[in-house]
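Once you've had a glance at the structure underneath, I'll fire off some questions.
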Amino acid sequence: MTESKESTVRLLITCPDQPGIVAAVSGYLHKKNANIIHSDQHSTDPEGGRFFMRNEFFLPGLDMDGLEELRREFREEVTNGFVMDWSLNPVWKPKKMVILCSKVDHALMELLWRWKRGDLEADISMVISNHQDLRESVEHFVPFHYVPVGPSLRDKVTAEDTMIDLMGDVDLIVLARYMQILTPDFVNRFTCRIINIHHSFLPAFVGADPYRRAHQRGVKLIGATAHYITEQLDEGPIIEQDVIRVTHSHDVDDLKRLGGDIERHVLARAVKWHLEDRVIVDGNKTIVFRR
Amino acid sequence: MTESKESTVRLLITCPDQPGIVAAVSGYLHKKNANIIHSDQHSTDPEGGRFFMRNEFFLPGLDMDGLEELRREFREEVTNGFVMDWSLNPVWKPKKMVILCSKVDHALMELLWRWKRGDLEADISMVISNHQDLRESVEHFVPFHYVPVGPSLRDKVTAEDTMIDLMGDVDLIVLARYMQILTPDFVNRFTCRIINIHHSFLPAFVGADPYRRAHQRGVKLIGATAHYITEQLDEGPIIEQDVIRVTHSHDVDDLKRLGGDIERHVLARAVKWHLEDRVIVDGNKTIVFRR
Amino acid sequence: MTESKESTVRLLITCPDQPGIVAAVSGYLHKKNANIIHSDQHSTDPEGGRFFMRNEFFLPGLDMDGLEELRREFREEVTNGFVMDWSLNPVWKPKKMVILCSKVDHALMELLWRWKRGDLEADISMVISNHQDLRESVEHFVPFHYVPVGPSLRDKVTAEDTMIDLMGDVDLIVLARYMQILTPDFVNRFTCRIINIHHSFLPAFVGADPYRRAHQRGVKLIGATAHYITEQLDEGPIIEQDVIRVTHSHDVDDLKRLGGDIERHVLARAVKWHLEDRVIVDGNKTIVFRR
Amino acid sequence: MTESKESTVRLLITCPDQPGIVAAVSGYLHKKNANIIHSDQHSTDPEGGRFFMRNEFFLPGLDMDGLEELRREFREEVTNGFVMDWSLNPVWKPKKMVILCSKVDHALMELLWRWKRGDLEADISMVISNHQDLRESVEHFVPFHYVPVGPSLRDKVTAEDTMIDLMGDVDLIVLARYMQILTPDFVNRFTCRIINIHHSFLPAFVGADPYRRAHQRGVKLIGATAHYITEQLDEGPIIEQDVIRVTHSHDVDDLKRLGGDIERHVLARAVKWHLEDRVIVDGNKTIVFRR
C-alpha cells in the first residue's frame, strides 16, 4: 500500500489481554472517522496473556496540534479500564536516528544507501565512529563525527558523554558493527532504542569472532542477528535473523564476506521495521508485525 | 497458539472497504462476550478498495444450534448497511475433503501422512483415482475408489458423475497430481473448492511437462504452485508457491525428484490454510492470512 | 545424471595434499579405460593441507571379483608414495542400514517412504525401537524390533548388545529421533557410521528441549542438524543443516510441528549423501560433495 | 580459499566427452609442477556428451611471457587429439569491465560498492548511461559517460558506435537496468560478454513491466534473472536466479522495492562468477562452477 504520509498516524498498544480492547479502540476510531489502513494484533493467550496491537490510520487534516488533542482524548475515552502502554506516532515526522560504526563499512553503507533512496523513514542526523576510516564514505551522505574511545572505563564514559551531547534528542541508535561495548548507563538511557547487528545466528556463537568459530565447528549455514541492546551482551530481544548456506570450500574470509551480505540485509530490515513502528518489545522477545 | 477447538468459530468477511466495519464487528463480538483469539484484516485500498477480515474467537458452550442463532443475529445486527460476503465456520466440525490422484504418489502420501498425524483439520472420506496403482498405499489410511476415465468427452462426463455421487457433500477436492482435465461443469460446481498442485513456478512453464522444459531452458531454480482450479487451466488464483535451487548437474529426472519435494510441501501448506479458513479469493488472486 | 549402477564404482580418497595425486589417479583410471561420470575434489590448502577426492566411474563388466582385483592393483600402482585413506565402493551393492527410533515418527517415516520410492540406495534390514508405538507403521515397510532400555547403565549395555546382535553387519545406523544416549563403546564401534538428527540449528540449543528454549529466546528462525555421533554429545561432524522462519505467533507446539518438517528433510539429505559416498569426515568437520 | 593471485592461472576447457581428457590435463600440469588449487568438471553424458573443466593452479614465477609459453606448450602437448575449446586466464590481470545503466541506481551501485571493497576482480574503466541522472553517484567511483540514444534505429547505431569507441577493449559489459534494446550487431560483437539483469524470474513475465504483471497474476514469490544477452531478448543463457516471498499486502511499488534487492544480489553474483571464470556457456545454458 503506497499511502500518503500526511495526516497518517500509527497507534501501538500493549496491555493484558481482556475482552473489549478491539471494540473500544475501533469504536473510538470509527467515531473520529479515521480511515484504518492497516491493523495487526497478537495475543500471547486470550486468557491471562498479553495483547499487542498496531493500527495505521489517517485523519484528513490532522497536524501536530490535532495529534496532541487526539492523544488527550484517546487517553480519556479509550484507555480507561485497561492497563495500557500506548503511543500515537505521526508518520509525517520521521524518527531521529544516529548510526555508530567502527572500521567495517558494509552494514553502515547499506543503511545510508537505502536511506538516500527513501527506503528508511528516518532523519539521520549524523554518523559517529571511534575511528576515522569511514569519514569520506559517510560525508557523501551525512555529517561524520569522530569520537575515539580510550582504554579505561573513564575514557569510555567520557566518549559516551560526548556522543550523548552530539546526538541530542534521538529516537534510534543503530550499531552498524560498532566494536565498543557500551556501559550499562548508556544502554539504560536508550532502552529499546539501540539496535545492534551481531554477526552470527544467535544464540550460536555468542561473543567474539563468530565466523572463525563457525568455521572451526564446520556449520553448513552462517547467519546474522539484529537485536535490541540490553545490559546482557548478545542477549537482548531479537528483531530479525537470517542465514546463508556455506560449504567445506569456504574459509574464514569467505564466511566474513558472505556473512557481511546477510548482516546488511538483516540490519536494514530490523531498522526499517523499527522506524515503521512494526516492532513491540515483550520482555526479552519482540512482536514484529511484518507484512 | 494451541487452542481448544470446541466452541471456537472463524468469521470470514469480504466487502467493499468503508469506515466502521471493524467497529461493527468487534462491537458485536464484545457484546456477545466472545474471546477473540486471532484477527487479521486487509484492505486493497481504504478508499474504494475491498476489505477482508478473518476472526477466530470462542464462545463457551457454543454448539451447532447456538451457531445457527449466532448466524441469524450476526446477519441482522452487523451486516446491515454493508454489502458483505461472510461466513461463520465451526472449528469443531472439520471440512469434508476428497483427494483425486493418478499414478504418482508423493503429493498424495504427504497429505495422508500429515492428516494421520493430526496436522490437517479435515474429514478425508476417500481417495479417488483413475488408476489402480495407489490402491494399497491409500487403503492403509482411507477408502480408495477406482474411477477410470475413457477417451471421449462422454466418458469423462460419466466418470465425473460417478465421482460426484461417490463424494456426496464435499467442502474441498484436492488434485494431488490428478492427470485428467476436468470439465467446466465440474469445475464450476465446486468454485474455489478445488485445489491443484502444478509442478512449476507459474506462470513459468504453463502446460505439460514443465520439468523437461525447465531443463531445456536451463533455469537455476524450479518450483511448484498450488492454486484453485478455474475454467482457465493453470490460470486460477494462486495460494502458495515455492522453489528449490538446481544446477547444471541435475538432469530431468533429478528435477522431477527435487521438484516432487517442493510439490509435497506447497500443496500441504495450501490445503492446510484452506482448511483453517485462511484463504479468501479476490478475483483471480488470494488473500492468505498466514501466521 | 541417471546412470546405470552396474559396473559403477565410487573411489573416495583422503590424503595430505601434494602434487601428482590427480595425475596418478586419472592416469590409472585412463589406463583401465574407466569412464569417469563424476569427479569432485577439495584441498584445505594446496601447501601442507589435506586433499579429498570422490570419483564415480564405470568399467563395463566389472563384478565383485573384478573389484577385488581392481582394489589390489590400485593399492600397488597408485597409492604408493602417498599416505592415502581410500576406498572403492561398488554402487550396485547398497549399504546395509538400520534405523533406531523411539516414539516420534516423522523423521522415520520420511526415510522409509523415500526408501520405498527408490530414492535411498540402501538395504534397510530393520527398524529398532525402545518403544512399541511405531510397530504398525514400520511393519508396513520393514521388520520392527522392540528393544527396551532399562534405567541402569547395565540395562543400557544389555540393550545395545541385543541391538548389535540383531543388526549384524551394518554400514549405517540412523538415529531418527532415538531418545537414548548411546554408550561410548557403542559409538566407537561404529565411528562415522551413526547419523543423528538434532532438532536445533547447532551449536544453538545444544542439549535437551531445543524448541522450548528457542521459543523462550524468541529466535526468528528454527532449524535442524544432521551429524555423525561421537562421544561428545551434539558435537560430532555436521553433515547438513537447514532452518525455517517463525514468528511471534508460533508457540512451542508450532515450533515442534514446523521444525519436524525441517528435521525430515535434513536427515533425509544427510542419509542420502552418506549412502552415495558424498560425505568424507575431516576431523570434526565434513566434506560434502553435493551436486 | 584466500590464495595469492600472482602466478595463478585458470584453465577452462570445453570439448566432446571422451576418455583420457583428465589424465592428459592433470599429467601435463603435474609435469609442470603446477599446484592445483581448485578443480571442477562436468559431463553432460560420459558417452557422447560434452565435457567441461575448470582448473585453478599456480606456477611460482609465472608472468605474461611465461603464460604465452605455457599456452603454446599446452596447445601442442595436451589439446592434440581432442576437439577442445580452451583458455588459460591469468588471475593477476583483472578483466576489463564497463557498466551500462539508465536512471535506476540500485543494481549499478551494488556493483560499484562491491568493486570498491575488492569483491569483484575487475578493472571497471567507466559507466555509460543514456541519461545524466546517475552521474554524481557514479563519479564518486569511476568516470561517467553520457551517451544519449535518439528514437531512430540510425540514432541507436550511432550511440552504440560511440559506446564501442569509448569502451575500447572490453571483456565484459554489464547492463545494470540499461533500458535500451541493443542491436544484433552490437550483441554479436560481444557474444557471451554482455550480462543483463532481468527483473523477473524468467521465463515468467518475459518482456516489459514484470512487477506489474506479477502483481496482477497474484504470484507469491517474485524474482530476478541474470543472463547473457543474445539476439533473442530475455532468452539468453541464464547464469543466476533468485526469488523473494511476497504477500497480498504488497502493491506494485513494494514488489519493485523488494525485487530491487534480489536484482542487486543476482546480478552481483553472476558478474562475480563471470569474472572468476566460473561460467561456461553450453548452447543456451550455462555451466556454473560455484563453490
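To keep things simple, chains are lettered A, B, C and D as they appear, and every chain counts its residues starting from 1.
We adopt the following convention: a residue touches a chain if its C-beta (ideal position, glycine included) is under 8 Å from a C-beta of that chain, and two chains touch if they have at least 3 such contacts.
This one's a predicted model, so the numbers in the text were calculated from it and none came from an experiment.
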Hey, what chains does chain B share as contacts with chain D?
-> A, C
Distance-maximising chain from chain C - centres being C-alpha averages | A
Chain copies touching (chain C, chain D) - same or different residues, decided at half shared = same
Cα centroid separation, chain A vs chain D, in Å, comes to 37
Where the centres are mean C-alpha positions, what is the separation of chain A from chain C, in Å?
-> 42
Touching at least 2 other chains, the residues of chain A are 1, 38, 247, 249
Across the complex, what residues on chain C touch chain A?
-> 42, 201-205, 217-221, 223, 237-243, 247-249, 282, 284-288, 290
As the complex stands, chain B meets chain A at residues 1, 3, 19-20, 22-23, 26-27, 29-30, 33-41, 43, 45-47, 58
Provide the residue numbers of chain D that touch chain A in the complex, in ascending order.
-> 1-2, 38, 105-106, 109, 113, 117, 119, 140, 247, 249-251, 253-254, 257, 261, 265, 291
